[in-house]
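One structure coming up, written as structure tokens, with questions to follow.
As written, the chains take the letters A, B and C, and residue 1 is the first residue of each chain.
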């Protein structure tokens, strides 16, 4: 653990600032002149000059950066070139969809990964262990868009159990919503399940060896109770904190999963923006995900310190 | 674990660490299996012109979407091209992307990590903050953004993946450097008066090679999936050059009529990535005996 | 895990069974891509017109025989070759309660003419001004006689917007459009859905049998098909030929196939900015070689199962303006190579092909790439989302552009704006005095036979210069649930909601 809690919180400020600088610089990789693109069909030089002034494009770079940062802090992420819609609106519309998907994916990952990891640890070096580790490795190695396509082939086309694509919001029809999101959530959660399984296994192995567990065993508690009460509780700590870190994997995976299942979420937003050559949206997505990730990492660190009493003193 | 080490350490001291590692590696069937598959893929990719039955770009308007047969072991695609040949040539794109991206990532990240770990102080703080900022963004999203700005092509995809993967290499190299720098002989070398860069080159770098190598192998696996992902989205290898990812993209349209178009390229990605992961895991266990039990 | 899945499956079945018992009243339509701005003055996309069919009524409409029928207008007459008098339908309301009258019509048409960024202006450029005769009569005075003018009023140029709403919203009208169509705007989530709700005071309300319409863009052809098969959408405006067999096999679905009005072709940059300064853009022999390298019949066979028609003209074969003598040349790689040699082009000739991002069009681009390679062309496929590709082409940032045009009832609608000097959709910036003169002449003439002869002469010139290489004439293939009754397949491909109902 790096330093105290207060130190940890203070550390994210320079990190976040650096993130904004990086994202701002990304903007200057953008091909095309934003002003002439916004001017549209007329290409009137006067209009273009006017737009440049409006967008502060004629000022020096650091000034532009501060202006842009100021806007961002006030919630103004700029406008989409394609839809002329505020990017903040697009984010507010699409992010919840991806978050719903990610939450479901994480639940599925925990439901699969943790029990499997526990069994693998408890039955260490047995057939179960090898099987679990093998399946876990296979899960990590499967490209999730391929898994998605194969699942669609099997479950939707061959068996006809679930709709192959599309998305119904939870608020509209919870049954249809579940039907449209369960496959993508499974695909998304699949890789995380594998990672969770490995970490649960090694955390369980470590805690099963520890003194307080041996003491509990010596006291005569049944094996099952030992596992449940002590080992599992100790093992869940790294697992829970790992969850926040895996948000990055979830968001990356969401890009592909949403593409395969045609889900209008955050991931699909950036892919569509790329083919729209809508660079402000690309930039906005990068900024939002990075900020989310940094904050979630911080939350994970805080959680870790809070849960693990032995670290509080540090 | 700790009690059992005393006697064997003395006996093993006579063999070099590399030999020990190799023996441990070869004792694991999964690692060996993975290595065989990796070598197989590399061979196929290198010898693609000789191994592929047909020209992967040779369209044939009469052979559209034919199922696997003796003539075309993996069938033909929507433009009449032989899928097997395309999978074989696709191996070139994927493996090249995997290796080159990792070379870029390592080439940038490892020196940065060694510098940060060795120099410490302000340099370390600055570099670590920059790396934190870069790692803040989910890998694929940053890769997509970069590929979007640079323009879609295999080279740009490799650059995008390399740049996005560099921060993790930096972290790995930095952590390993810190470990090694604290060891006795490095401190001794410094105390004697050797210039830092010399100490770094002669003592630190060779000793951080194991963890960096392990990470590099696993990173190749990750890079292969990343290239396939970018190509799947249309941002990597451009047509008509084959890539496993772009083949999967085209396959989506014909899922009901020609499922083999989706099965084979995806299986290829899966096998290649699995193989590299097995080798990486095997290397990790072989080179770092402190990691208890199996993986 | 499996028990969970089975439970979910049961829930789904139960849910859908329940849904069938009580009709939902919502019509789900899948579009091939997302519409651009929902403002009739600023809109450019084909799918946007499909949405407008539910949202904004027009002065006139066309029927299945391409005859002009009244919609917001009740009738018309030409008081002289330059003056069109339009009589409006009485008692029509806009979706915000405003009355649809001559003032509103004048406002809308003036808006089409004067608003910055208007894409309707070039369509009705012959209009001089609009006069209000009385609350239900307007007079449109043209600068010069134009026989195709009336047909422009059967599309977006004839769409009338609510004046007060448009005035207040200005450029943001697209975010909440208010018109006089059967359904009013509820919400729009970009790249996801456009939701419209029944407008009870619609003038033709008895013919509307749905409470809501939801348009969903689904760029992937297999996704559209899968959704149709699963019942999540009721109608798909474009089923690609490779999916036709699957729809035919499914007894719960049916197809409506009609001849379309438009074409698919490659628009070549011959004068639009720096990117025209290439052998491909400067020398027509290079373009002719490119055309000769393409086997249209094989292309259509591979990509579209032979369902579409290879062509060399902008108008479809069943149009009265079609010139039967102008047939596409068969593939001739040897002659193509010879032409390239004559032109002194260094091989391979690089051609950057701007390609809209739909799977079938991408495949067509790949086929063209492969065919052209044999003649010595190195085609690079540049994929871009459709609406963005229109912007790119406009800015001249392309060499060749695989573009479709949905087509208009009158041949002028397929030709004038694309080939006449300086016109808005002339992305290639082609400029030829003979062609200009012939196009102007054909507008001034009313007789179909005479016009066709003029077009024949124009084709002869254009076939040499090749500003556009016409490739094939598509068909409208609409897939829908078998329970949907009353669908009228009109060649313009629009999904008209009047008379459409779900059988119980």
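In this text, a contact is a pair of C-beta atoms (placed from the backbone, for glycine too) under 8 Å apart; a residue touches a chain by one contact, two chains touch by 3 or more.
All values derive from a computational prediction rather than experimental measurement.
Engineer: Taking every chain's C-alpha mean, which one sits closest to the mean of all protein C-alpha atoms?
Structural biologist: If one averages C-alpha positions chain by chain, the most central is A.
Engineer: Based on the averaged CA atom positions, which chain is farthest from subunit B?
Structural biologist: Between subunit B and every other chain, the largest centroid distance is to C.
Engineer: Centroid of subunit B to centroid of subunit C, CA atoms only: how many Å?
Structural biologist: The separation of the two C-alpha centroids amounts to 47 Å.
Engineer: Once you find the CA centre of subunit A and the CA centre of subunit C, what distance in Å lies between them?
Structural biologist: From the centre of subunit A to the centre of subunit C is 39 Å.
Engineer: Where the centres are mean C-alpha positions, what is the separation of subunit A from subunit B, in Å?
Structural biologist: 22
Engineer: Can you list the residues of subunit B that touch 2 or more other chains?
Structural biologist: Residues 234, 252, 255-256 of subunit B each touch two or more of the other chains.
Engineer: Please list all residues of subunit C that touch 2 or more other chains.
Structural biologist: In subunit C, the residues touching two or more other chains are 220, 357, 383.
Engineer: Which subunit A residues sit where two or more other chains touch them?
Structural biologist: 152, 157, 275
Engineer: Applying the document's contact rule, which stretches of subunit C touch subunit A when the two form their complex?
Structural biologist: Those in contact with subunit A are residues 1, 5, 8-9, 11-12, 15, 37, 116-117, 119, 174-175, 189-193, 216, 218, 220, 223, 226-227, 230, 232, 357, 383-385, 387-388, 391-392, 394-395, 424.
Engineer: Quick check: in the complex, which residue numbers of subunit C touch subunit B?
Structural biologist: Contacts found on subunit C: 220-222, 242, 246, 298, 301-302, 357, 359-360, 362-363, 365-367, 369-370, 380-381, 383.
Engineer: Under the touch definition given earlier, write down the residues of subunit A that touch subunit C in their complex.
Structural biologist: Per the stated touch rule, the residues are 36-37, 40-43, 80, 82-85, 90, 93, 112, 152, 156-157, 160-167, 173, 175-176, 178-179, 182, 262, 264, 268-269, 272, 275-278.
Engineer: Okay, in this complex, where on subunit A does subunit B touch?
Structural biologist: Touch residues, subunit A against subunit B: 14-16, 18-19, 21-22, 26, 29-31, 124-125, 129, 133, 137-138, 140-143, 145-146, 149-150, 152-153, 157, 198, 205, 247-249, 251-253, 255-256, 259-260, 267, 270-271, 273-275, 279, 282-283, 285-286, 289-291, 293-294, 297.
Engineer: Considering only the defined contacts, which subunit B positions touch subunit C in the complex?
Structural biologist: For this pair, the touching residues of subunit B are 57, 59, 61, 64, 78-80, 152, 234, 238-240, 250, 252-257.
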